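Note that the chains are named A, B, C, D and E in the order they appear, and that numbering of residues resets to 1 at the start of each chain.
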Amino acid sequence: MKRLHAMRHLVISALLLLGLWQLIIAVTAVPPYILPTPQAVLEVLIQKAPLLAHHAGVTISEILAGLVLGILLGLATALALAFIPRLRRTLLPMLLISQVIPLFAIAPLLVLWLGYDMLSKVVMATLIIYFPVASTGYDGLRQTQQGWLDLAHTLGASPWRRLIHIQLPAALPALASGIRMAATAAPIGAVIGEWAGASQGLGYLMLNANARMEIDLMFAALLVLVAFSLLLYFSLDALLRALMPWHRDRLTRLS
Amino acid sequence: MKRLHAMRHLVISALLLLGLWQLIIAVTAVPPYILPTPQAVLEVLIQKAPLLAHHAGVTISEILAGLVLGILLGLATALALAFIPRLRRTLLPMLLISQVIPLFAIAPLLVLWLGYDMLSKVVMATLIIYFPVASTGYDGLRQTQQGWLDLAHTLGASPWRRLIHIQLPAALPALASGIRMAATAAPIGAVIGEWAGASQGLGYLMLNANARMEIDLMFAALLVLVAFSLLLYFSLDALLRALMPWHRDRLTRLS
Amino acid sequence: MSLGLTLNNARIDYAGHTLFRDISARLEAGSWTALLGRSGCGKSSLLRLLAGLEMSDLHQLDLATDDGQPLTDRVAWMAQQDLLLPWRRVIDNLWLGDDLRRRPRNRKLAHELLAAVGLEGREQAWPDALSGGQRQRVALARTLYQQAPVVMMDEPFSAVDAITRLELHDLASRLLKGRTVLMVTHDPLEALRLADQLLVLRPSSLPGHGAELERLPGLGAARPVPLDDPALPPAQAQLIARLRDSEEAA
Amino acid sequence: MSLGLTLNNARIDYAGHTLFRDISARLEAGSWTALLGRSGCGKSSLLRLLAGLEMSDLHQLDLATDDGQPLTDRVAWMAQQDLLLPWRRVIDNLWLGDDLRRRPRNRKLAHELLAAVGLEGREQAWPDALSGGQRQRVALARTLYQQAPVVMMDEPFSAVDAITRLELHDLASRLLKGRTVLMVTHDPLEALRLADQLLVLRPSSLPGHGAELERLPGLGAARPVPLDDPALPPAQAQLIARLRDSEEAA
Amino acid sequence: MSAHAAEAEPATSTQSAPEIVAQQAEVGVNGDSAASAPVASQEAVEATAGAAEQAKNGAEPTADAPPAASDEQSADVDSKGAANDATKDAATAEKPLTQFKVMLDWYTNPGHAPLVLAQELGLFKKHGLDVELIAPADPSVPPKLAAAERVDIAISYQPQLHLQIDQGLPLVRIGTLVATPLNVVVVRADSDIQSIADLKGKRVGYSVGGVEEVLLSTMLQHSGLTLDDITLTNVNFSLTPSLLTRKVDAVTGAFRNFELAQMAQEGVKGRAFYIEEEGVPTYDELIFVANSDSYERKQVQYAGFLAAVGEATAWIINHPDQGWEMFRDSDPALDTELNKEAWYATLPRFALRPAALDAGRYRDFEDFLFERGMIKKRQSLSHLAVDVNAP
């Protein structure tokens, strides 16, 4: 029942978006080679479904691999930052630097180092996911209630087990916030990676279609990417909620 | 005293990074047209200081304008999401979509609408800052302790004043996390905006230099960008801490 | 300033389990009522219900005020937890209500109240730097500062020492003169010293009805009843026995 | 299982203000000590100091155990706040210590203890769904579950009703037999019923010394002293007077 | 009506440089009478004749000061079809300038020299235009913006033009900037690839442009191979680095005036295979495109624009070193060794008659793309390209 409800809302907002899209075209009279009509795009979407599916498969694998790696690495970094103060002083600036370097500036570099295969895209997605996770994780970890830490102390917890049983669960809401953000960033990471050099994937397809002025196809690829991104976000969101059954949101949830 | 201490740590990690950079070059024997030596970059930095300063000025204005706008808009969105459940159902997917669309796909659209002036870059920076602020702000707002809301209720608070005096301060740690993240994303936003079309700014300079294989200059511009980004981050961080005097971090701070 | 309340048909269910139903009571204008009952029987829930706070699940209440106006904005509620806002200094927590309603702050009253609860000199402290009892006293001061005609307090003196508690009894009696007060307490002596009537929430004899409310009269003397009042010890013993009985009856 | 403690030179300063200094006490192996004092005088801080917890600012303590081994890992600490972990169900909160030390869980004991504190059937509830007194009882059960030789409890019964409190006195006396117990309480009767010695933290006569510790003997009878013990009322009256005096002396 | 554009013989790929220069000289003589006009003097004509030679040798700078636009030479942009009369009529000098937005195909580089110099020399003003040059970061954007009339003229590539028009973009070619293909297949000189046929089994990098696959497959076919014999990888804008680091064995889509110099700068010699020698029909690499719907309305300005470009081209060829200095000084970011080298490598490639239309090239390439299935239907020539000076 609830799932059906959620589906309904997604469908509604999808329709709303299509309407908005159509409206923009009608109002601004933007030519179809800059913004094609939804109909044209949907047509291409159906017509070239196998092609799109192939490239989407590649990009989705990149995104998922990057997501897993990025979350793991981000978590590890957050832990390192929270536990080794000495490290923090030097690691934090580096972490920041890794973030403020525009990815596309080093994308060609990464691609040259890592080759034109999937690896470079996965690294790119990882890089882009890594920071939100590390940053919110760190912020969450260092705000654990003092009382719980005291309790862990008198209960004779090792730092490691204190981390697992106290600090991580306490940081979970903050971390979830970061992971949700990471989920939206991951697809862009992969696509930028493909843009810097690839021979398949949705980013590649979009670049190619764009160069050939097949704007319909480009937007169809974009649509697939957006749809997958939304799916990813909502799945992760559901997963995170399931991980926090005690965490009753004050406000009703999206679904 | 404390400031001096902080400076020392920054200098140390900067030196460490330079060392790492040099090490990578030495170990991987990466050619200078992929990764130039620190010396070469510093030389260009000094030699082309006026050029870099000019372009940096442009980009910094874009970043600051985008930051202010992005934070304001992000906050407004977080509030709207938290207070109007109906809105949330349709706004959230759109917000997500605005995040997952790779810029290059809609760059012509942006140029068409916004032109080639500073506006389009500010809009880009705003777009990229907007989401972390909106997302963490929303997460923070919906996790206000029920007890405080109850208290506000019996104290006869209007939703607006409850927001100002209860929910916003309670969400401040989460929001600060988002703003910190936004500060690292803002420079990227501006640079990506310049990438979509510009005739000045560090992003323009970098792409331009990259296209001409003047990798030294590209890295010099990158260095300037990174330095400014770090400055921005640490200033904002200090400001946010000052805004939360009651919020004693468990762990010693970076400085 | 005085406002009597009549409640009927009060009911709360949590997750399919009925806490109580069909509960009625009368809170006379300007009188004090002590609410007693076993831990977990639903005292705090009843207070929340009366204060008009959000309840989860099924709930129900017919509440009539003597003047027919809604109770909203005329009730001060002191929760079982102190609910101090950590980002407001002690004194700023007192005038939170003013800030929330955009009223001018009464600095003089705030300082007087803090002094009265023994926190003179701690006005500018952050709540996190206070002891448990000190926090509770700030919350009490905040409740008194509100000067509402109806006051509901959930175990307002539970975290302070015996001597301070006696002092606070005097203070509250003085400052809440003429108000309609409903106070949850676990201390029979406290209930007898302060209340005009005692309501005991105890297991109902009807199956599925959860708890029911038993009304006991107070001592009917001046508030607070002096500690050396000869009526106090026997009344206390009797009340304890009664509380124990009501338990066993279920 | 029994472990005596001797403390000397205890001192705590907060932000340049001395809470107490040069404080000494002896906790005999297997004896109960009640710690009393005005709200905010430093009882919780002293407990934290003894439990080896992190303190801000200046602090100092010479602590000797009778067996010469460090106290670490042999002390159970029940804080003034319940400190239940919201992400663990009630029963999971009990064996938090096992999980933190990687020891096997004692399911039987956990269930027994929850039943003993009156929470049978609530094992799988989330802490957020409990009443204040229920939470405190879970925290107490968690402390008892630890079976540590030294037990420090900060107002362990403050949030429960009078009847439950008496039941918990029995329970604690039974389960903590032979342990060295230090318990903060605001209830003189409770102190007299349970403690072998009473320590009163009261303002020191020496300027700048903050508080000092006064030792009073307990009733020396069985634990808990029966409510109808004739020695209890006079002792209670005397203790209250004493607490009031120590206040006025300062 | 001057004959120089309308009656120009269709230039072919086999046309020799001296012939082009000769035609340009003729333009100068016919078109200008004022002594200070850029390409009016006999010396200028002579200098032009030797331009290619000078460019190669880095010949001595000419003594002439760069001509500045004088009011006397301002074009009368209002009189219809009178672009060729511009310099004859000095009476209408005070006419306000027309705002004109021109979008380059990519960051400013020596390939844009005539535009930059026309700007620096004030030639656009002379023709009544106040031109703004805008550089994009993505070469696919300018034609779209020209089609949407956000800019008046965009620089694009002939092969892309065919695709764009096929996709329904209202575009038309109005002039040519570089009249030969610049596209080459480049391999390292130290590799064993001596001919296109040796690409078999190799990895070829390219920068997505839309037609690379077709051009490459044509070349491969020419040597008896197919696309299946190689591995194609999009390396986007990292053509040179990917070749230098041997991530790919060859790249296509490199510009003969740029990438080869770039490699040389890093000490690696390259070997180029010219695509027009490998079975691909020749074409104009850089062209000016404009919106086809508003073309008639703006035809006069277009003619003036192209005239200015033509004059600038001629002047550059006459004064290559001075030209380089002016180009370099127009933007401090342009001052690099590589640009300097590319400058001289690019000079001989500029169309000396930017407005001239070689109808055959457009027809042939359209046919070529149609046969390869890259476009859905064949357009008539008038939909593809126009001669702005035609009546």
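Here is the rule we go by: a residue touches a chain if its C-beta (ideal position, glycine included) is under 8 Å from a C-beta of that chain, and two chains touch if they have at least 3 such contacts.
Treat the numbers as computed from the prediction; the structure is a model and nothing was measured.
Chemist: So which chains count as neighbours of both chain C and chain D?
Modeler: Touches both chain C and chain D: nothing.
Chemist: What chains, if any, are shared contacts of chain B and chain E?
Modeler: The shared contacts of chain B and chain E, listed by label, come to A.
Chemist: When every step has to jump to a touching chain, what is the lowest number of steps that links chain A to chain D?
Modeler: Minimum number of steps from chain A to chain D: 1.
Chemist: Which chain pair has the highest count of C-beta pairs that touch?
Modeler: That would be the chain pair A-B.
Chemist: Please identify which chain has its centre, taken as the mean of its CA atoms, farthest from the centre of chain D.
Modeler: It is E whose centre lies farthest from that of chain D.
Chemist: Report the inter-chain centroid distance for chain A and chain C in whole angstrom, where each centroid is the mean of the CA atoms.
Modeler: The separation of the two C-alpha centroids amounts to 50 Å.
Chemist: On a C-alpha centroid basis, what's the spacing between chain A and chain E, in Å?
Modeler: That pair's centroid distance is 42 Å.
Chemist: On a C-alpha centroid basis, what's the spacing between chain D and chain E, in Å?
Modeler: Whole-Å distance between the two chain centres: 89.
Chemist: Please tell me the distance, in whole Å, between the geometric centres of chain A and chain B computed from their C-alpha atoms.
Modeler: Once rounded, the distance between the two centres reads 17 Å.
Chemist: Touching two or more other chains, which residues of chain D qualify?
Modeler: Residue numbers touching two or more other chains: 81.
Chemist: What positions in chain B touch 2 or more of the other chains?
Modeler: Expected reply: 34, 104, 108, 112, 146, 149, 195, 210.
Chemist: Where does chain E touch two or more other chains at once, residue-wise?
Modeler: In chain E, residues 144, 148, 237, 241, 245 touch at least two other chains, as defined above.
Chemist: I'd like to see which chains touch which, written out pair by pair.
Modeler: Those chain pairs which touch are A-B, A-D, A-E, B-C, B-E, C-D.
Chemist: So in the complex, which bits of chain C are touching chain D?
Modeler: My answer: residues 14-15, 36-40, 44, 80-81, 118, 129-134, 137, 155, 158-165, 186-188, 240, 243-244, 247.
Chemist: With touch defined as at the start, can you tell me which chain A residues reach chain B in the complex?
Modeler: Listed in rising order, the residues are 9-10, 12-14, 16-17, 28, 30, 34-35, 82, 85, 88-90, 92-94, 96-97, 99-105, 108-109, 112-113, 131-132, 135-136, 139-140, 142-144, 146, 149, 173-174, 176-178, 180-181, 184-185, 187-188, 191-192, 195, 203, 206-207, 210, 218-219, 222, 225-226, 229-230, 233, 249-252, 254.
Chemist: Give every residue of chain B touching chain C within the complex, in rising order.
Modeler: Against chain C, the touching part of chain B is residues 145-158, 161-162, 165-166, 169-170, 172, 244-248.
Chemist: Which residues, counting only chain C, touch chain B once they are in their complex?
Modeler: 48, 51-54, 72-73, 75-77, 79, 81, 83, 85-88, 96-97, 99-102, 126-128, 146
Chemist: Which chain E residues qualify as touching chain B in the complex?
Modeler: Listed in rising order, the residues of chain E that touch chain B are 106-109, 134-138, 141, 144-145, 148, 150, 237, 240-241, 244-245, 262, 265-266, 332-333, 336, 338-339.
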